[in-house]
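Below are the structure tokens for one structure; questions will follow.
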Amino acid sequence: MENSPNSPKPLSDTHFVASIEETPLQATDSVAEDSRPSNLYIDAWRDARQRPLFWISGVFILLVIVVAVFPGLFTQIDPRSCSLEFSNQGPSAGHILGYTKQGCDVFSRIIFGTSTSLTVGILSTVIVTVIGVIFGALGGYFGRWVDAILSRIGDIFFAIPYFLAAVVIMSVFVDYRNVLVISLAIGFFAWPGTARILRGQVLSVKNSDYVTSAVALGVSQLRILWRHVLPNSIAPVIVITTIGLAGAIVAEATLSFLGVGLPPSVMSWGNDISAAQRDLRNNPMTLVWPSIALTSTVLAFVIMGEVIRDALDPKARARR
Amino acid sequence: MLWYILRRVLQVIPVFLGATLLIYFMVFALPGDPIAALGGDRGLNPAVADAIRARYHLDQPFFIQYLYYLQGIFTGDLGTTFSGQKVSDILGRTLPVTFRLAVMAIIIEAIVGILIGLVAGLRKNGVFDTVSLLLSLVLISMPIFVLAFLAQFVFGIKLGWARTTVSGDAPLNELILPAFVLAFFVVANVIRLTRTSVIENLDADFVRTATAKGLSRPRIIRVHVLRNSLIPVVTLIGTDFGLLIVGATVTEGIFNVPGVGNTLFKAIILSEAPTVVSFVTVFVIVYLLSNLLVDVLYAFLDPRIRYGK
Amino acid sequence: MSQPTPTTSPTDKRRIGAPLLEIRDLQVSFATQAGMVPAVNGVSLTLLQGETLAIVGESGSGKTTTALSVIKLLPGAAEITGGSILFDGVDLTKLSEKELESVRGKQIGFVPQDPMSNLNPVWRIGFQVEETLVANGKAQRGRDAREKAIAVLESAGLGDAAQRMRQYPHQFSGGMRQRVLIGIGLSSTPKLLIADEPTSALDVTVQRVILDHLAKLTAESGTSVLFITHDLGLAAERAQKLVVMYKGRVVEAGPSVELLQNPQHPYTKRLVAAAPSLASHRLQGSASSIAARDQRDAESADVDLARTAEERAAHAASALAAPPAVQVENLTKVFRISSGKLRSEPFTAVDSVSFSIAKGTTTALVGESGSGKSTVARLVLKLDEPTSGRIVVDGRDLSTTRGKDLLALRRRMQPVFQDPFGSLDPLYNIGATIAEPLVAHRVGNAREQQARVLELLDQVSLPKKLVDRYPNELSGGQRQRVAIARALALKPDIVVLDEAVSALDVLVQAQILALLGELQSELDLTYLFITHDLAVVRLIADNVCVMRKGRIVEAASTSEVFDNPKEQYTQELLAAIPGAGITLGA
């Protein structure tokens, strides 16, 4: 490149000083005093509440809960008053989704089946979270032999896919098939995932300088675990718990579908789908409606889990 | 590398023993009578029940029972079904079918999942990304039997493209539909994880450096983004193998595929607890072996493991 | 700048003094939720053929953004919104992505900041060098590329390059990786090399060797260098020209020595006054002319490190005769590290270390990474148990102190750690953070604790409003102030500062150092100051222990160590302080 005569003189040849008016000095390390308090959870809430998906899935979950607790608000029809004269009839006035092969009202059965799915989902998730958090937190925080023992136990439970374990338990407990037993059967083998995630998280938080500082300050071990380590490592557990609740609902339906879940006398979406499958060719809709109820409920929890995951991960938020 | 594999193998042994002990304990030591369950609603002839008790050494102390059970596993004697067939014979017949189905499903899962995840990650927040996100969320939410019935209804009954049930020798072309059902049951997680890793790796320092080196965009994507993203994805496909086993049980049952899952499915429906336990044990062994395989594959993909520090 | 510049080939005759890179009125903005935020605001600079130009600035000054704009390596949210970047007469801002590919690597090389994350962990080193050569048309795939890659690594100073080609990045040390990255950056003999803080992640002695080597390579090939750094001393030592950036603008530019000796803009004056390497150098030479000039500029430079240090030393001198607050005798710590197989091997991190600190004084432990200095800090804080040896604090043996007595001892000895982003619990607000020691030791009731928190905030010059804020709203320097306030909450006698100022920008670092000095004389504190930065030591410490591989190689008063170092290692460390060779005010 040739220097044209009227090109400006290169800056670097001279000692250039910017005018102070254009580049005023600011105080070093000044404090932004007008900001609002913000930490991981405050920011996550601010982020989540701006997302339509959060509200859509949240409202739907709320609706499912209301249906489960007060099914009578949504239908006056008794789901057990079935009459074969209506067998496989299509939708009609007052019976918007038609009848099953046994002549039961499909809509009413779906409404009254909600509480089964939700109860099993919540119960087994509570079991998973309690065992998982205890194992993960203690193993990760205390390390050494505590961790060795707890991790090996976790490995053993992890080696049996939780659904298969539930199948075995339910096959044995023929006479005890109720909501509590099925929740235990699902929850009792599903916790190692939660424990592993929390353990990894605790391990990294444990080595952070604020924990070391707390030790040097003389704060007690249990207080450090409870006040510093757990709050800072629990975020992924919240996510996996939400999605796990969805998984537990699916597991209950699948067990019932296989015939090792709840007895046919208990109204559940899985039982309805199982009963409808024999008539797939003639009346597919009796299978479709409870499937839609099941899938959309699960979807609501899965979406809620995804929204929480994004909101709790500052890196994911930045990537959006 | 050799040390790493050896260590993994050594770690599997106690886990295997613990897992089988746990299953055995659940079935034979917990309240609830697996033998009584055998007869289903009809009840069982007391003489037959006693004979079965003796065969399972139920008259012996619990730990001795377990040792007999272990001995059975190691000598290939996995017991007999209620109808008198040897479990090992059934396995010899059904395992190859299930293996074929599972391999087909994993191949479909890997190709579909990685491709969609890659494109979604590269065009983050675009139309494709949004659609794939919604689709995978719906897939995650769909129980396997709903998915299977949907496929059976649409492709089998409405469109008539495939048979709704698979014939006796389970030829490959008839397995395509069940394999797709099984693959789509687990593919959503692969899509999501591939997308996340691709986005993360696109932001990685070494990708920026690769750009600064003057490499072309396609090469950077292939060699530096995709290759690195595969490491977590392979691990996921391995850990999702447990899900695949569950899926196989239901899918084989619905499509009547003559595999291990179907046999388990039928044993569950007939309430044959001892047979259920035998097959669940087989699945646990397969699951442990597959996890071992994934660990080895992981070391192969990630030199930091292979040439440990 | 006057060294002869050999040309790489007869046809490519490069004229010294002709402009190679001309940035004119560059504007770069980042898209945020609050709209476009300018990061670079009207930057202009000119880099001549064969010249090295350094852009100096603190984090957030826009120096890296400016440099990355040249080859469009900006992160996704950033966009060049105005100005031009002429390189060899071509405006790079107007090139398509495809055209840029042929400029990157081939004509403009790049050496990144962090050697640990800039090599792909799953590919062999050789592969990563070869693909660069092939992509830039410098070699044929296969044997040719391999041979040329070996040559590249050898010229980058890697011994047994042929062997090392087959290894993976994690098998290399940081310094070795940076050599590889420099090799890659220069592999296609580019006309311009952009070096973005190429050695700030490395130990000073390694930094020196690598920068010397880089200077030699670029001088041989006549490559121009655009050097980005936060260290004014390093910039002046390595570049002929300096461009000082502040808040996205160029505030001052010119020949290096001229700029340092005669800074005009108040910001540059501040930087010169706060840079530890330059300040310690001034102390060393005690150049009266500089001191006189500083006197004139006192109102513009808010912190002058040299003066702060002199005041502090005067106070501490009287305390040196006091009884020891901390006494360390034959301290040894052996770790067992697993060698990947079934065995584990012993590793001696601290090897019979002895020193003592007189009450009210500061002793610095200086060493490079792996010297064991931080392990000593952990042992003194009783976060780890020593293998042998003893630590006596105020006459009490630490290893035999348990229960209530240990708690009482912990009260008297408090830590401040390095990482300002890790030392505060992100879920604790500032008030709760500072009050935590009070709560843990049950000192006072809630109201008294609150009052003490406010008092402490005032002591470390933070506004009281911060009480209900969370750490992620604060800058690094402010977080360190909070950490200091927390350490002081129980009115301790001894504070262990583990790299407490290392992660901070120079101006902030100077403020914190000044604060530490004030607090020491005000509260009669005893400091154990752990650092890798010898320049800072000169300003804060009364005594220095130089550590290497777990042992103390030299221990003496600060002035002795600096003026009359006995050990060769100490001399090397001193020589490696950036800017050590520059004479100011001559």
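Here the chain labels run A, B and C in written order, and each chain numbers its own residues starting at 1.
Note that a residue touches a chain if its C-beta (ideal position, glycine included) is under 8 Å from a C-beta of that chain, and two chains touch if they have at least 3 such contacts.
Since the model is a prediction, treat every value here as computed from it, not as a measurement.
Enquirer: Chain adjacency by touch: line, ring, star, complete or other shape?
Expert: Drawn as a graph, the chains make a fully connected set, so complete.
Enquirer: Pick the pair with more C-beta contacts: A-B or B-C?
Expert: Of A-B and B-C, more C-beta pairs in contact link A-B.
Enquirer: Using the average of all C-alpha atoms in each chain as its centre, how far is it in Å between subunit A and subunit C?
Expert: About 43 Å, centre to centre.
Enquirer: Quick one: report the Å distance separating subunit A from subunit B, using the average Cα coordinate of each chain.
Expert: Spacing between the chain centres: roughly 22 Å.
Enquirer: Counting only Cα atoms for the centres, state how far subunit B is from subunit C in Å.
Expert: For subunit B versus subunit C, the centre distance works out to 50 Å.
Enquirer: Give me the residues of subunit A that touch two or more other chains.
Expert: none
Enquirer: For subunit B, give me the residues that contact two or more of the other chains.
Expert: 203 - these are the residues of subunit B that touch more than one other chain.
Enquirer: So in the complex, the part of subunit C that touches subunit B is made up of which residues?
Expert: 71, 73, 75, 97, 101-106, 109-110, 112, 114, 117-124, 131-132, 135-136, 167-168, 170-171, 181, 184-185, 188, 340-342
Enquirer: What part of subunit C is in contact with subunit A in the complex they form?
Expert: 18-19, 22, 44-48, 51, 53, 86, 88-89, 241, 243, 246-247, 249-255, 258-259, 262, 264-267, 270, 302, 381-383, 406-407, 410-411, 413-415, 417-419, 422-429, 436-437, 440-441, 462-463, 465-466, 468-475, 477-478, 483, 486, 490, 507-508, 511
Enquirer: With touch defined as at the start, can you tell me which subunit A residues reach subunit B in the complex?
Expert: Touch residues, subunit A against subunit B: 152-153, 155-157, 159-165, 167-169, 171-176, 246, 250, 253-254, 257-260, 273, 277, 280-281, 284, 287, 291, 294-296, 298-299, 302-303, 306, 319-320.
Enquirer: Within their complex, state which residues of subunit A touch subunit C.
Expert: Within the complex, subunit A contacts subunit C at residues 1, 3, 10-18, 20, 22-23, 25-26, 28-29, 31-33, 35, 37-42, 208-210, 212-220, 223, 228, 231-232.
Enquirer: Of all residues in subunit B, which touch subunit C in the complex?
Expert: Residues of subunit B touching subunit C: 3, 203-206, 208-217, 219, 223-224, 227-228, 231, 301-304, 307-309.
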